[in-house]
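You will see two complexes here that share chain A, one where it goes with chain B and one where it goes with chain C.
Showing the complex of A and B:
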C-alpha cells in the first residue's frame, strides 16, 4: 500500500489466565487502518472486540497476556512501548470510548473537570483556557454549553448525554485514532443513530480515523469505509464496506447479512444462524465456525483457514470455500 | 432547592431521634432493678405528669441534681465533657493519620512490605482489648522507658498515651476499611477510562479513586465515633482522667441515677449530631445522581 498505514495489527493473539486454566481471547487478529478511515469491527458478544480495543491501548488486566503478534501505530510498536511514551499516545494520539458510559465515568467528578484534566495535561492549557475549551467541546458534541451543565456529575446526565460527554473527552486532544467500543449499544435506537451520526460528523471535520466495534452490522452499513468481521477471536473477513455488502464471501458473513431486518423483508421470517457462538473456553478445532457452517467439509475441522487476499483485492477472507453456493436445505 | 429539603428532612429525623432517646432514658430509673423510682418517690404524681416535668427539665437543660454531691448534673457533665471530646477527637485524628496514608498505600502497592506491615498491625491491635492496649502502653512508655508520665491531666504530655491507646485501636479497624474501599474503587471501570486518557498512572488512579473510596470510610468513621466515645470510658479509667466516661462509670458504681440519665442523653445527643454531620458530608462529597 502506498498510503501510510495508521494502525497495523498483525497476527495478534491474547490469552487470559483464569482459575479454570488459560483461554484464548484472540487467536490471530489482522487489521489495517488507514488515516481518516472509518473501520468497523463487527462481531458477536464475546468474539473479542473489546479485548482487541483494550490490547491496542494496553488496558488489559494483569491476567491477560499477549502471546504473539504486534500492534504498530504509525510504525511504532505499541506493545513494547515504555509507560512514559505510552502516556503521550493515550488520549493524545489514540483515544477510546467505552460501552457503558455510566460505569466508565467517574461518578463524583464534575463533567468539565474530567475533560479539563486531559486538556491541561496533554495540551498544557491554563485552568481558564481549559474550561473555555471544554465549553466549546460541549457545544461540538451537542451538549448544552452552559455553566450549570458543565458543573454536573456524569450520573446526572441521561445515557445519550453521557455518551456525548465521553466522546467530548476522547476528542478533546484531537487524536488521530478513536477507538469506539460499542458506544451505541446501551442506548435506544434513536439515540444510537444520533451517536453514530455524531461520530461521523466529527470524523469528517477532523479527519480522525475511527475504529468502531459493534455487533450490529446494519448500524454501520452506510457509514463505514471498511468492515472487518471477527468471529471467536479471529478476523474471518475484511473488505471495503460496499464490496462486503455486495459480495460477501465467508459463510458467516453471508448468514449475518441475511439476518439484518429490513423493511423490504417484511412478512418474511427473521434470518438466524443455527447454534451459538463459541465462548473463549470452547473454540472448536480447525475453523471455529465449522459446526454451524452449511459448507463445512472434513478439512474445515482439521485446519484453521488463514486470512488470505481474494481475487478482488483488498477483500480478504478466511475460508476454504469462499463464495460457494449454500446447499439447498 | 433540593439541598434545603434534604437538610430539613435530616434535621427533622435528628430531632425525632433525640426525642425518642430522651423518652427512653426517662424510663431508666423505673426499669433498672435498683432504680430509685422502683420504690416510693413522688408516687402521688401520675405518670404523664412526671414525664412532662422530666421533658420540660431536659428542654431547659435542667437534668436534676446528683444525690451524692448535690451538684447540678448539667454542671458535672459540662465540666467533664471537654476532656472526653478532646480525647475522642484526637483519637480519631490519630486513627485517620495512621490509617488513611497506610490504607491508601496498601491498596496502591498490594502485597508489598507496606501492605503486609499494615495487615499485621491491623490484626494484632484489633485482637487487643482497649484496656489491655492502654496498660501495655503505660507499661512500655511510662514504666520501662519513662518517656511519658503515669497519671494526671494538666500537661499535654499526660494525654499522649491515652490518645494513642484510643487511636491505635480505631486505626487498625479504619486501615482495613480504607484499604478495602480503595482496592474496590481502583478496580472500577472509570479508572480504566482515566488511564486511557493518558494521564500519569499512579497519581491519576489515586486521585480518581480517592474521592469515591472515602465515602464508605466517612460512613465507617461516623459509626466508629460512637465506639470512640465508649472507648474513652475505658481509657479514662486506665489513665485516671476525669472525663465524661469516668463520670458515668462512677455514677453507675454509685447508683447515681440523675447523672446516669444525664450522661445517657448527652452521649446520645453527641452521637446523633455526629451522624447528622457525617450524613451531610456524605451528601456533599458523594456522587450526585439524576432525579428523574
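Showing the complex of A and C:
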C-alpha cells in the first residue's frame, strides 16, 4: 500500500536535554503524506509542530536527539542520510518557509540574489538564466516583477512581501514537499488568507505536497485535504478535513472547535478547556489530555491510547472513548 | 446621566513622514466619529490605524483635530492633572501582555501600584488584589511571582485584573487575545463577557478578527485607510455589508464560509 507515499513518519520521538533534565518534545508521531496532498498539522503552542518540521529537515539543534522512529521521504531514510545527499534534498526536494520571515532572510542582501543562489546551486542555471527565472518567480508569488523590486533588500519589504519572497525562494526548485511552519501567523487577517490561498494555488499548479503547521484550525478548514491534530507531542486525531469538522471524535478536537468564535455563535458562550496545555517537562502519564478531559476514566490515567482507525476509513483517533457524549456540567 | 459613555467626533491624526528631512505629514486617522452607549460593546475591525485610534481616544497621543467626550467631558479641555485623574476610569488592555507588565515588579506590586495612586489604604489594597486575582482565576499563591513566571494567557489575565483594580467604566481592549492559543483565547473572552455585567463596564473591542469581533460586539465599526467606512449594529452590518471593504472582510471570514456551507 505504500506505492506512492511521499513522506512517511513512523513513531517519531524527539528529546531535548536541558539543564533540568530531558524533555520529550515529540512522543511518537505518525504522519503520512501522499504526493500533492495539503496536510495541515494543527496544534497549540508547544505541541511540537516546529520540532516535527525541523526533524524532517534535520535542522534540530545539538541539544535535541531523535530517540526512536523514522522519517522516510520517497522511501529514503532522512534521519540517516549523509550530509552531502541531504544538501541535495534540502531546498531541492523538500523546502520550508518559516514563521518569522525576517529572521530567515538576509535583510541586506538583494532579494533576487538570495533566490538565484539556490537556483544556480540546485538547477545549475547561468547567472542570466537564473535572474530571468527569478523574475518569473516574483510574478508567480505576486511580487512586482520589475528590475527595481528585484534589486531591493528584504529590509525594505513589508511582512507580507517578505513572506512572499520566502515562498518564491522555497518553490524556486519545484520541490516535491513544501513545509510551511505558521507562514501566516504574524500577518494580518487579509494577508493571512492571501498567503494561504497563494500556497494552495502554487500547490495545485505544481503538484507539490504541502505540510502546513498552524495553530489556527479555521484558516485551513477549507483549504487542507487532511488535518492532523497534535497535542503534547502526539497526534491525537487525523482525518480528511471535512470529516474532521463534521464528526470530530477526540474530546480535545471537539472542545477546540467549540472554542472558535464566530458571529453565528452570538449570545452563546464559547467552549472552554479547563487547565492549560502541559509543557514538555510535565506531560501527564497515560493520555496526555486526561487532566483536562471531561470524559477521563481511570484507564486514561494509566494507559496511553493508541492512534487507531475509526469506522470511517481514513479517520484515526487516539482516545478510548471517541465521540462519547460529554457529561452535563 | 444617560447618553453615550464615549463620543468621538471628527478625529484626525497625522504622523510625520519618513526620511531625513521628514517628508510631509502622513495621515493615519481621517475624520473618525462614533459613540459607545453605556454598557455597550463597540467592535472595531479593519486595517491600519486601530491602535492609533485607541491611543488617540485615551489622549496618550492627542489628536490633530476633533474631539473626544468621555461621559460628556471634553478631554481636550482638561489640564494634564485633571486628565490623569480621569484616566483610571478608562482603562486599556494592549495586545502584548509581556510588555504591559513591569518585569521588575511581582504581579501583586504591579497591581498595587495603581491603587496607591487612587489613594487606597494598604490593607484594602491587599484584599482587593486577592479578590481580583481570584476573579480572573490566578491562584493567590502566585501573587508574589514575577511576570516572566506566567504564561502569555495568564499575563493577559493579570493585565485584566489590574485594569479592573482602577474601577474603570470603559475598557479599551486592543487585540487582547491575538497572541493566545484558541482555547486560551476562549477563556479570556468568556471572562471578559462575564466581567462586563459584574462591573458595569462598556467595551471598545479592537481586533482584526471579524469572527471574534462580530461574535461579541453589539455595534461594529470598520476602519479602512484611517477612515471609518462603515458602522452600525453588528447584526445588520454583518448581514448586509455596504462598503466593498466590509463585504470583503465578511466574505473572507470563517463564519461566512460556515453559514454558506450549511445552506
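Just so it is clear, the second predicted complex is superposed on the first by the 326 of 329 C-alpha atoms of A that agree within 3 Å, B and C clash if a C-alpha of one lies under 4 Å from a C-alpha of the other, contacts with A are read in each partner's own complex, and residues count from 1 in each chain.
Operating definition for what follows: a contact is a pair of C-beta atoms (placed from the backbone, for glycine too) under 8 Å apart; a residue touches a chain by one contact, two chains touch by 3 or more.
What you see is a predicted model; the values in this text were computed from it and never measured.
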Fit or clash between chain C and chain B when superposed on chain A: fit
First (chain B), second (chain C), both or neither touched by A:247: neither
Chain B versus chain C as contact partner of A:83, first or second or both or neither: first
Partner chain in contact with A:273 - chain B first, chain C second, else both or neither: second
Partner chain in contact with A:11 - chain B first, chain C second, else both or neither: neither
First (chain B), second (chain C), both or neither touched by A:217: second
Gap in Å between nearest CA atoms once chain C and chain B share a frame through chain A: 6
Touching residues (chain side chain B, partner chain A) in the complex: 188-190, 192-201, 208, 211-212, 215, 285-290
Residue ranges of chain A touching chain C (in the complex, touch as defined): 44-45, 188-190, 193, 215-218, 221-222, 255-256, 258-266, 269-273, 276-277
Contact set on chain C toward chain A in their complex: 47, 151, 153, 181-187, 189-190, 193, 208-212, 214-216, 234-235, 238, 248-249, 252-255, 257-259
Touching residues (chain side chain A, partner chain B) in the complex: 57, 59, 83, 86-92, 95-96, 98, 100, 103-109, 117-118, 121-122, 152-153, 155-158, 166, 169
